[in-house]
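In what follows, chain A forms one complex with chain B and a second complex with chain C.
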Partner chain A sequence: MYRSQRLGLKYLTASTVMFGAMIAFGLLSSVYYILPGFLLNVFNFSTGKIIHIDGLVIWLLMGFIGSIYWFLPEELDREVEGIGLAELLFWVFCAAVAVVVLVFIFVQYGTAGEWSMWFINQGRKYVEAPRWAAIGIVVVALVFAYNVIATTIKARRTTGILTVLIADLVPLLVLYFDAFPEMTNMSQDLFWWWWLVHLWVEATWEVLIGCILAWTLIHLVGASRRVVESWLYVEVAMVLGTGILGLGHHYFWIGTPRYWLAIGGVFSAFEPLPLLGMVVHAVYDAGTHHLQAANRPAFYWTLAEAFGNFIGGGVWGFMMTLPQINMYSHGTQWTASHGHFAFWGAYGCGVIAVFYLALAKSRGCDGLDGRAWKWSFALLNVGMLGMVGALLVAGIDQAFFERAIGGSTWSAYLSMQGRPWFIESMWARFVFGLVFACGYAVLVYDLIAIGRREEAGVQEAVAVAGS
Partner chain B sequence: MTPHAMVATALLLGAFVAAAGAYGLLYCLSRLWDQPQLRIWSHLSYATLCAITATLVALTPLYFGWKILIVVSCGAYLLIPAVTWRYLTRLHPGEKMSHDPRLAGHVNRSMLGVHRRS
Partner chain C sequence: MYTQDPSFWKAGAIATTLFMSAVLVALTIDTLRQISPGGPRVPSYDVINKAVTYEYDPNQGGYVPKIGAEDLIFGRKYSGDQAAALLAKGKLVIQSRACIDCHTFFGNGAYYAPDLTRAWMDPIWARYPGPKRADRLAKFLMSPLRLGARPMPNLHLQRDEAEAVVAYLKWMSSVDTNGFPDRFGAPATQ
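== the complex of A and B ==
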């Protein structure tokens, strides 16, 4: 195994730890909805939510970085350039994340000034990490980009997937600089902030996961590189074609000109089209392999990715994306339902699939199977479906009573919190959150245990051959 | 738009994409397994998609432009599975998958990364 692949495994492990932290703080945040006085004056709801959402961003980013460090040396048949620096920065990254989480938990907030912005909370939603940590993320991203590009240059060759990946790393990095400006005009601030949030999630990350899944298909089912690369180009063109101007659906109610209503609506309506193409591709690949692959967990998580992306992003998104509906639904639990489902489907399942793929090789297994992964697969997906269903009911209730009937007043918001459907939905979300957490516990157990017997057998065989 | 119309329209929009997904899935399965029954179900799914489109156009207070967009999308959803399928089968002609023992061997080798070193 290459050093880069060992580093990839470390990143995937750290990503799984962050996944757990995200679940823990998501569960904690969900308790505030059913016990409103919970941890009053001890731990703010907003801080729990920050760690939940930032944890999501970090676990997925670590998962993507780990996946690429895993596949890159195999792609170019050589060790990654600057691997020593990358290994050092992995520990710096983990330490920085730990410090930021501890500051969020124990300090939580400060006065509105430079000190707070640099050392407590940058104050920008989803990128709240204090400025020193945000600069650290830029350094990690720069080194990561250097690793990929320098290795490709040193290898004196490239592949279609790698070229797409390198082209994607540039906007991925540049867009993160959007986390830094300090604008006092709220509309201007949101206008540029959405470039970071939307164009990461619905453009550059889509391309990134497209590249990772292309490699996954090649290694998982022996798919032809020519096929995978041709399809990757088509998907990237379609995703970027609809996703870039789909940005408009975030510009509906933030003080931007009226034409964004039309642009956002039209391009958002087209966004499910490439997702349907991905479903067709997934069914084709799964069907031609008779739903069989040597690494069954990775195979099923890859399938879950295609379907989850379509349903979470496409179905849930289109329900609320046209401006006439979005006027009532945005910012309600309806949006949270869409967000949970889409992130899980589009990215979460893909990262888990790569982890299983990497484990098979690192433990010297011909294939992976067992019972635990099926339990974790079922519990995680049932938990997620239950949560998004509960949030959908709560969100529709909110859009109906609080927004459409109540006129979005503060009084309507408060009375909404006491409505039976809303409260019952919040309980259901909490219960299914627990199911999801159980699925995570089984997943962690399985990631630790799966393939160990084969690994021990391989080590024994090596020892016998050596003696 | 009344509160009831808002909820009904949103649910219809969700059902619109879900029906398109069901059509795409059943279309692929019917082609994959050459099952006439599945083909009938895929046609029924597309008929459901058309019925939802007609309902959205006739009965919801969406603006005219959005209704046009929905009709165009309904047409696109008819084409996407067929076009994608044709594209994939043209790209894959040499590939017969896991029932072929040689490929199964290839899958195992590629998982172990052996094929790069052998």
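== the complex of A and C ==
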């Protein structure tokens, strides 16, 4: 194994730890909905939610970085340039994340001043991390970009997947600079904030996971590079062709001009198309291989990613995105339903697939299988579908009764929160959240245990051959 | 066949991305012009000196904010610069207390507490004691009372911070949001 691949495994491990933290604080946040007044003035809902959603961003980012450190040396048949610096920054990154989480837990918020912005909480959704930590993320991303680009230059060759990846790293990094501003005008603030959130999540991240999945398919089922690269270009054209102006569906109600209603509506309607293409490709690959691959968990998580991305991101997104519907669904639990399903389907499942792929090689196995991964696969997906369904019911309930009938006032909102359908949905979300957490526990056990017997066998065989 | 050549699709991907990016840049320039304070859709910050209501406009087929006669908050008239400074402070209070991680602004944020887009004109403030709506809001922010199923935590706002947030909410309620939220309750009388 290359040093870069060992670093990739460390990132994937750290990513799994952050995945656990995200689940823990997600579960905690769900309790506030069923126990009004829970930990009031001690540990407020906002703090739990911040760690939940920022944990989501960090676990996925670490997963992407880990996946690329894993695949990159195999793609170019050489060690990654600047790997020593990358290894050092891994520990800096982990320490910084730990400090930020501790500050969120124990300090929580500050007074209105620059000190709060730099050292406590920037108070902008998804990018609450204080500025010093945001600068740290930029440094990690710069070193990561250097690793990828310098290795490609040293190798004096590139591949289609690598070219797309390098091109994608530029907007990925540039857009993150949007994590710093402090604008008085909320309309402009949200306008630029959506460049970061939408163009990361619905454009550059989609391309990034496309590259990672392209490598996964080549390594997992021996897919033809020519076919995979053609598909990747088609996906890039479709994702960016629809996703760049699909940004418009966030510009319906923030003060932006009326023409965004039409632009956002039309391009959002097209956004599921590339995701449907991925499903077609996945079904084709699955059929070609008769649903069999040596690394079964990686194969099934890859399929889950394709379907989850299409249904959670594409279908669930489209369902609530046309302005005539969004007028009432926007800012309700309906959005949370889509958010959970989309992040899980589009990115979470993909990161888990790569982890299994990497584990097979690191433990010297030709393939991986067993019972535990099936349990974790089922529990995680059933848990997620249950949460998504519960949030959808709550969201539609809000859209009809609080928004369309109630007139969106504070009283309409507050009386909605006490309606039986809403409360039952919140209980259901909590229960399915527990199912999801059980799935995570089994996943961690499996990631630690799977392939160990084969690994021990290989070591024994090497020892016998050596003697 | 040319469709089996990845470079054919590569050219398509580059062309599509460049074209869509160019359209986005053009729309961004126009949008930023329209949403600058004092622009066609976002009033200047000294609108906090005026009455703001939300009324049905048959021409637009939806609700729009209406700017009325002078209606001061906290008994003083703010100049343009003073209003800008006050609202900058209000925004900083909102970020420092991470309001967006419980509430939504223009529907964006967390869904644990009510949307703040038209909070300034919410009928609920008529129920609270105080001579004027602005004072009632400021008092609520400094020592929140339990509102139905959602108790708001005490985030230890000082009087000047609370006033800055109230001014911010009043300005925000004057932004034209294409009719969102629809059919918002009639504004409370002071």
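General remarks:
Everything that follows uses one rule, which is that the second predicted complex is superposed on the first by the 467 of 467 C-alpha atoms of A that agree within 3 Å, B and C clash if a C-alpha of one lies under 4 Å from a C-alpha of the other, contacts with A are read in each partner's own complex, and residues count from 1 in each chain.
The definition used in the following text is that contacts are C-beta pairs under 8 Å (C-beta built on N, C-alpha and C of every residue); 3 or more make two chains touch, one makes a residue touch a chain.
These numbers were taken from a predicted model, which means no experiment stands behind them.
With the C-alpha superposition on chain A as described, chain C and chain B fit side by side in the combined arrangement. Residue contacts after overlaying the shared chain place A:Tyr328 against chain B and chain C alike. Contact with chain B, but none with chain C, is seen for A:Leu276 once the two complexes are overlaid on the shared chain.
Contact with chain C, but none with chain B, is seen for A:Ile120 once the two complexes are overlaid on the shared chain. Which of chain B and chain C touches more residues of chain A is settled by the count: it is C.
Angle at chain A between chain B and chain C, computed from CA centres in the superposed arrangement: 100 degrees, to the nearest 10. When both complexes are overlaid on chain A, the residue A:Ser411 reaches chain C alone and has no touch with chain B.
Of the two partner chains, chain B and chain C are each touched by A:Arg226. Remark: least CA distance from chain B to chain C after fitting both complexes onto chain A is 6 Å.
Note: residues 226, 230, 234, 328, 404 of chain A belong to the chain B contact set and to the chain C contact set alike, using the contact criterion stated above. Residues 32-33, 36-37, 40-41, 44-47, 49-50, 109-113, 116-117, 120-125, 128, 160, 163-164, 182-191, 193, 226, 229-230, 233-234, 236-238, 240-241, 244-245, 247, 250-261, 263, 323, 327-328, 330-333, 335-336, 403-404, 407-415, 417-418 of chain A touch chain C in their complex. Contacts from chain C toward chain A in the complex involve residues 4-6, 9-10, 12-13, 16-17, 20-21, 23-24, 27-28, 30-32, 34-37, 41-42, 45, 84, 87-89, 91-102, 104-115, 117-119, 122-124, 146-151, 153-155, 158, 161, 164, 172, 175-185. Interface residues of chain B, counted against chain A in their complex, comprise 1-3, 6-7, 9-11, 13-14, 16-18, 20-21, 24-25, 27-29, 32-33, 61-63, 65-66, 69-70, 73, 76-77, 80-81, 84-85, 87-88, 91-92, 94-99, 103-104, 106-108, 110-113, 116. Chain A meets chain B in the complex at residues 74, 77, 218-224, 226-227, 230-231, 234, 262, 265-266, 269-270, 272-273, 276-277, 279-281, 283-284, 287-290, 292-295, 310-311, 314-316, 318-320, 322, 324-325, 328-329, 357, 360-361, 364-367, 396, 399-401, 404-405.
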